[in-house]
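Per-chain residue numbering starts at 1, and chain names A, B, C, D, E and F are given in the order in which the chains are listed.
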Amino acid sequence: MMLGARVAAEDRFAIEDLYSAYAAALDGRDYDAWVDLFIDDCIYAIVPRENDDRGLPLATLFFESKGMLRDRVYGITQTLFHEPYYQRHLITNFQIREAADGFAVEANYLVIRTKANALSELYQAGRYRDQIVRTERGLRYREKRCIFDSELIPNSLIYPV
Amino acid sequence: MIRERVAGRSWDAKGSSRIPYWLYTDPAIFAAELERLFYRGHWGYVGLSAEIPNTGDFKRSAIGERSVIMAREKDGDISVVENRCAHRGVQFCQNNFGTAKTFVCPYHQWSYSLKGDLIGLPFRNGFKQNGRVNGGMPADFDLRQHGLTKLKVEEYNGVVFASFDPDVEPLRDYLGPAIVPWYERVFAGRQLAILGYSRQRIPGNWKLMQENIKDPYHPGLLHTWFVTFGLWRADQQSEMIVDARGRHAVMKSQKNDGGAGAVTAGVTSFKENMKLHDDRVLDVVVEPWWNGPTVTMMTLFPTLVVQQQVNSLSTRHIIPRGPNAFDFVWTHFGFADDDAEMTRRRLRQANLFGPAGYVSADDGEVIAFSQRGFSQHADAETVCELDGTQTGGADHNVTETLIRSMYAYYREVMEL
Amino acid sequence: MIRERVAGRSWDAKGSSRIPYWLYTDPAIFAAELERLFYRGHWGYVGLSAEIPNTGDFKRSAIGERSVIMAREKDGDISVVENRCAHRGVQFCQNNFGTAKTFVCPYHQWSYSLKGDLIGLPFRNGFKQNGRVNGGMPADFDLRQHGLTKLKVEEYNGVVFASFDPDVEPLRDYLGPAIVPWYERVFAGRQLAILGYSRQRIPGNWKLMQENIKDPYHPGLLHTWFVTFGLWRADQQSEMIVDARGRHAVMKSQKNDGGAGAVTAGVTSFKENMKLHDDRVLDVVVEPWWNGPTVTMMTLFPTLVVQQQVNSLSTRHIIPRGPNAFDFVWTHFGFADDDAEMTRRRLRQANLFGPAGYVSADDGEVIAFSQRGFSQHADAETVCELDGTQTGGADHNVTETLIRSMYAYYREVMEL
Amino acid sequence: MIRERVAGRSWDAKGSSRIPYWLYTDPAIFAAELERLFYRGHWGYVGLSAEIPNTGDFKRSAIGERSVIMAREKDGDISVVENRCAHRGVQFCQNNFGTAKTFVCPYHQWSYSLKGDLIGLPFRNGFKQNGRVNGGMPADFDLRQHGLTKLKVEEYNGVVFASFDPDVEPLRDYLGPAIVPWYERVFAGRQLAILGYSRQRIPGNWKLMQENIKDPYHPGLLHTWFVTFGLWRADQQSEMIVDARGRHAVMKSQKNDGGAGAVTAGVTSFKENMKLHDDRVLDVVVEPWWNGPTVTMMTLFPTLVVQQQVNSLSTRHIIPRGPNAFDFVWTHFGFADDDAEMTRRRLRQANLFGPAGYVSADDGEVIAFSQRGFSQHADAETVCELDGTQTGGADHNVTETLIRSMYAYYREVMEL
Amino acid sequence: MMLGARVAAEDRFAIEDLYSAYAAALDGRDYDAWVDLFIDDCIYAIVPRENDDRGLPLATLFFESKGMLRDRVYGITQTLFHEPYYQRHLITNFQIREAADGFAVEANYLVIRTKANALSELYQAGRYRDQIVRTERGLRYREKRCIFDSELIPNSLIYPV
Amino acid sequence: MMLGARVAAEDRFAIEDLYSAYAAALDGRDYDAWVDLFIDDCIYAIVPRENDDRGLPLATLFFESKGMLRDRVYGITQTLFHEPYYQRHLITNFQIREAADGFAVEANYLVIRTKANALSELYQAGRYRDQIVRTERGLRYREKRCIFDSELIPNSLIYPV
């Protein structure tokens, strides 16, 4: 268990700030800011917990470069017709471990979805399993895996979680 | 009087090109559909043989609104039983996958073989106490009368179908000669490899998904990726194949290079200057077994869609949840002998499909919008008259004939 | 037999002072209300002209359970169409506000003018390929037969009403001479300024909100602020005005200084020693156009409430959501020529209204409690006999006559 | 024609050992149950006298789907009234517990005595203004005609029952001579001490909980703790007691030391080597009033279960929520003269019960699984034929006779 | 993006404590403690996200002084008849920026509402946009804006969020 | 109000890590790891808020030793038949006070429950009221009380919250 792992206060704060920026970017629909939180050679995956538990490789979305993230932003803003919705992220209970050139971080997350003229709904609960690296621009994601409990997706998943 | 039998509704329009909205929203119609389309005279998709490779492996699945279990028996055969205890109705199986020697109901431990036979129950012959026997089942209690509901099963080149109707026609006859070759093109008997699952609950009537995959008109219009990159559009060699009854279909086509053309004139979803920053998602490699078509979308009425879109393969299971919603379960697969490259390719192309896919997330959205439209105007009707009002196949994709064919069959079976 | 037409229910009590609980809970009654009160013979509120100032601006709204869109056309006119594609029913508009040149349905790109005319659709004449034409709509396909549902529209001094019924009487006749002067007092043609929206979903039957604003009995009893600060209570000069049909009404009154009096005897909600720590919320300034009354609460049956309570102004839109709930959408407004002080004042006084307001949050609560009471005792009835059992107006506010008037009209139209 | 009265259903099977699934899912059946079982001819549990010790104390409770309030009046008597204002239906009481001198409805301040009499209402005689009287209730308005619904009440050794039916038989007759002694064994008139509440919403038909506590077959099979530690199993001296009508029952038994035996052969839930790391949860001390039995589970049809399982005591209140769910409210209690040790013991043993309890959490689970099974196969039936098809009591626990007895009574009252 | 903004550990902790006290006060129904977290000359606003996005000035509640907060407490405890409910706040993912005499802080929040004899429900998701100042009694709110996604309010809003 | 209580950064971090480990253990179904977060002589109680508010002693679950925790783990893994479900914890807004040999900590929590083939649902919201002690193995729970708002439990409560 990571319990008791020592991480410098500075680093803990920087990591928390990274996740706060991540949530703010998505919830505020600033998708370029979201892309900017990853390094070029990154991985971003949204994975049903059952696939992860059973060792099945399929992801709901699986991106292997910043380019693919940009393509997704184009998709959600220009090509995918959908009913728009607000997202609100709550990211909590970080578990941080020092890694080669940065940190391995896990955290629980909850995304609330709100559509126009409808009540807010619990959209997705899950766990982030991330690799974070130090860059001259600060901490960035090299790898971010969103393992979600909410396997039965309420219709569609348009925006990143 | 027949009408009485089907919810006191009457579908007055002639033919099958005008579909009344109440067909999608009326609970009584839905109840009749369960009886006539899901539980009688039809085969339902249950799963892939590769999902339960070993003896005792089981998968919980569903046909219509009934929970069923498919299991691998000792002899290697696959049985499908209803997930409902004969004693007092308990849905005893509460896992989607597992391995078991027998099915034991938790409430009173009645135990069943994987085939569904009642093996035994506690105190069947009573319990001996102080030299006398307490309780027990009546002397004439016959274990054979109290097994689980056993479904008729056919495994066809790795895909498992089942039916609650013992008199349902054989599966190949059910599919029909027009469909079988295309079915066997994808399922030729090669060992399948499960890549994983996607699940979504779509707030629309289940028939809308059958329509969606029998609708070659929309892909080049709704889906930017299709029209822009030439994965599906009107200027391709396409063929719409339908079985003799009109219920099953295959939409096949051949990709081209996309780009601007007559076909994109005025199509707002076409993005002439769209360039992918990373086009590995479209790193298509032709597979020998394709024999031409780059895409075949198969609808096996009423519960299944089989997708081959370039290198991405999946079954899509339709599980109705009342008239206003259905669950849509995607099982992505490849072949056991795929090399790592091909597996990676299939997984990359999976970004186009599923609840988040570039060319399918919006299908779920428009289906939801249709359902809302239906709910606000019970007596209006849809107009499916592209390419006329006839039914049957077509040698192009500018047509709604497959939808009309399905509803012609539907009216017949539903006696509407 | 008429009874058959309205849900097989029979309202046995004479008059309209005893309302059976099932009127609020029966889905069949609700379905009949949609037909007879929302879609036929009545005008529904859609929005304010100031919400769509420029050509192409649109607002998504609703009448009954149907989604509609009001849009500003080139000629400056306002059109209202149903948000439902003529092809296969898609609710194509998924934004509450926006600007558009045409409405394009995402599924197959059928495109409509803001007026609702079908302009065109892809491959209407088929697609030319290898010297032959594939698909296309039938030769006799007439664009004019496949437009969006167009509603009858009237803009009346900045407020937009619409009706699905082409034969509905003119709006001024609909309101009637008793209501028009009070309508024109608030909506005199001055340019309105939108201050913002509040939305709430109230778990009660929609009629309960009409009752609530036709009920001058409760404000001085339920709402501490009204009785304590004299914004509304029995010892004021009030008048209850009703149209000839009994469906619309205005409750007008004149604030006084509040405080203890005969009117507060035994009223637990009256708080004699209540003092605001910051009374800017009640910084009322008389506006010349009031011409006396400090409050006029107008109910325009069945969809609208118009509030003037001192300096706070709003329209409140009733959108039913089945028999057991409705959405209540508040649009607060002022006038384009308000100075900053007056705007700030209207915003401060808004603390009294809306889902959190000091004198309206509890209206939503009691409506929910009534609905629960109805659900637990289907055959009981309410007793609305304050001031007798007659209908019509009154020159005081100790009365339930406006509620009785509404239900007298209701019985007539619903044939109950 | 009788059938018409009960949802047009017909229960064809003879006897009461085969229960059709629709009995658990049909909304029309449920509506008939509310009328015939909850509101007419039966007593419903409301609470314990100890919950409202002082004058003016009240508790909000429910019978069927109706909210009721039990209150302690000045004379010490307990009254039970429906929580629904006679004016316009408001459920005026919004707290589960409290103290009041009168009930005042918030909407228009009609005020009622705790007995349910209408004491007064604002402006009943109108409001005097400028020498004239405005409004007021009609001259013939009779307060006595507009009180709250008053229920018939009986407090029986600390337990409060009520009925909407003024003609219901006296409570002791209702329970009957076979049940009374066991009722008075637990409720002998000793002062009760409330330990606290547990509440759960179980997604199954309310009757399934009555069945569960009339089913001595399952505890030794479903519940590992019972069979392993000998709290309940087939090799004990048990007795199944039922009243003359077949609706109420007591299951009594005597614990033994558990462990392996004929009774555990092949029972997968039996864990021979199971040892508690901390067995204080089972620190049982015999109480003198037991007079033998270590457990008596009493079902008082239709709303109550009374549990004595070793030192743990509770009432369990069944509140239906439509045909597919019910709320189950546990009130754990002890006696006012328990010492601290005994109270701690009762609280420790409470770990076995309630929504998380070692021997009851899974009861809620299997009930939910049964309901799902019923929903997927409307016309199937359960088979309750352990120990035959007869009704009545038994001197052992290998039987389903109590369930059959309840449904024999049910068919009679429901005319099914 | 605030990502990387430097704030002293002491201050971060004090700010987190302020929000914890805020949540504890409201969820524990200690409304006087809630009022005490604001300075006299404060602003407290609850604003639908659509009004904020579109530049419309209307707030669901708009208070301009501690006096108005006190008046609200009187309202919810003495004058507004309503069905009582529990609140439970989850406040996460702080973004902190130093400001003139204190801090500008944003955070995501979720409020769970539970009524007697009913299941808990998702009541309101949104974002706090706050101004915090140093006082001799510690950090206090000068301005607190609750911009909520859950525009369709489930009936009524009685207590502060 | 705890507002302003001084706790060393090291300790704050260690406490947050303890809660993160707690959430990770339960959500990851590592029940032995969960037990390991308590000292031998511990108390673990799950209590409806109404009982706590009204001074009624009944708990939904009440364990008085690590042995009882082990017995519960045996129960949920071996004896209690139930429909399995995922849990996801969000634990936020800590209030920390120094105590004799450790800390008194309160925090808000939310548990999301997800069953197979069903949408995620809001399962339980509540507040932890805990006693934490220093051990040579790091911080551990001596007492953990989960006071839950969600009194009407959606059917059953199987796993610890």
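Note that a contact is a pair of C-beta atoms (placed from the backbone, for glycine too) under 8 Å apart; a residue touches a chain by one contact, two chains touch by 3 or more.
Everything quoted here is computed from the prediction, not taken from an experiment.
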| item | value |
| --- | --- |
| Contact-graph distance - origin chain C, target chain E | 1 |
| Contact-pair overlap exceeding half with C-E, pair selected from A-C, D-F or B-F | D-F |
| Fraction-based call for chain F against chain E, same above half, different below | different |
| Interchain centroid distance [CA atoms averaged], chain D/chain E, Å | 42 |
| Interchain centroid distance [CA atoms averaged], chain A/chain D, Å | 48 |
| Chain C: positions in contact with at least two other chains | 94, 96, 106, 199, 201, 222, 269, 327, 362, 365-366, 369 |
| Set of chain E residues in contact with two or more other chains | 9, 81-83, 90, 92, 110, 116-117, 119, 122, 151-152, 154 |
| Touching chain combinations (by label order) | A-B, A-C, A-E, A-F, B-C, B-D, B-F, C-D, C-E, D-E, D-F, E-F |
| Contact footprint of chain B on chain F as seen in their complex | 81-84, 116-117, 119 |
| Chain A to chain F touching residues, read off their complex | 1-5, 7, 9, 12, 49, 90, 92-95, 106, 108, 110, 122, 124-127, 149-152, 154 |
| For the chain B and chain A complex, residues of the former touching the latter | 96-97, 194-203, 222-225, 269, 271, 274, 276-278, 280-281, 327, 332, 343, 347-348, 350-351, 354-356, 358, 361-362, 364-366, 368-369 |
| Partner chain D, residues of chain C touching it in the complex | 21, 211, 217-218, 221-222, 234-235, 262-263, 266-269, 362, 365-366, 369-370, 372-377, 380, 382-389, 394-399 |
| Chain C-facing residues of chain E, complex | 46, 48, 50-51, 54, 56-68, 70-71, 74-75, 78-83, 151-158 |
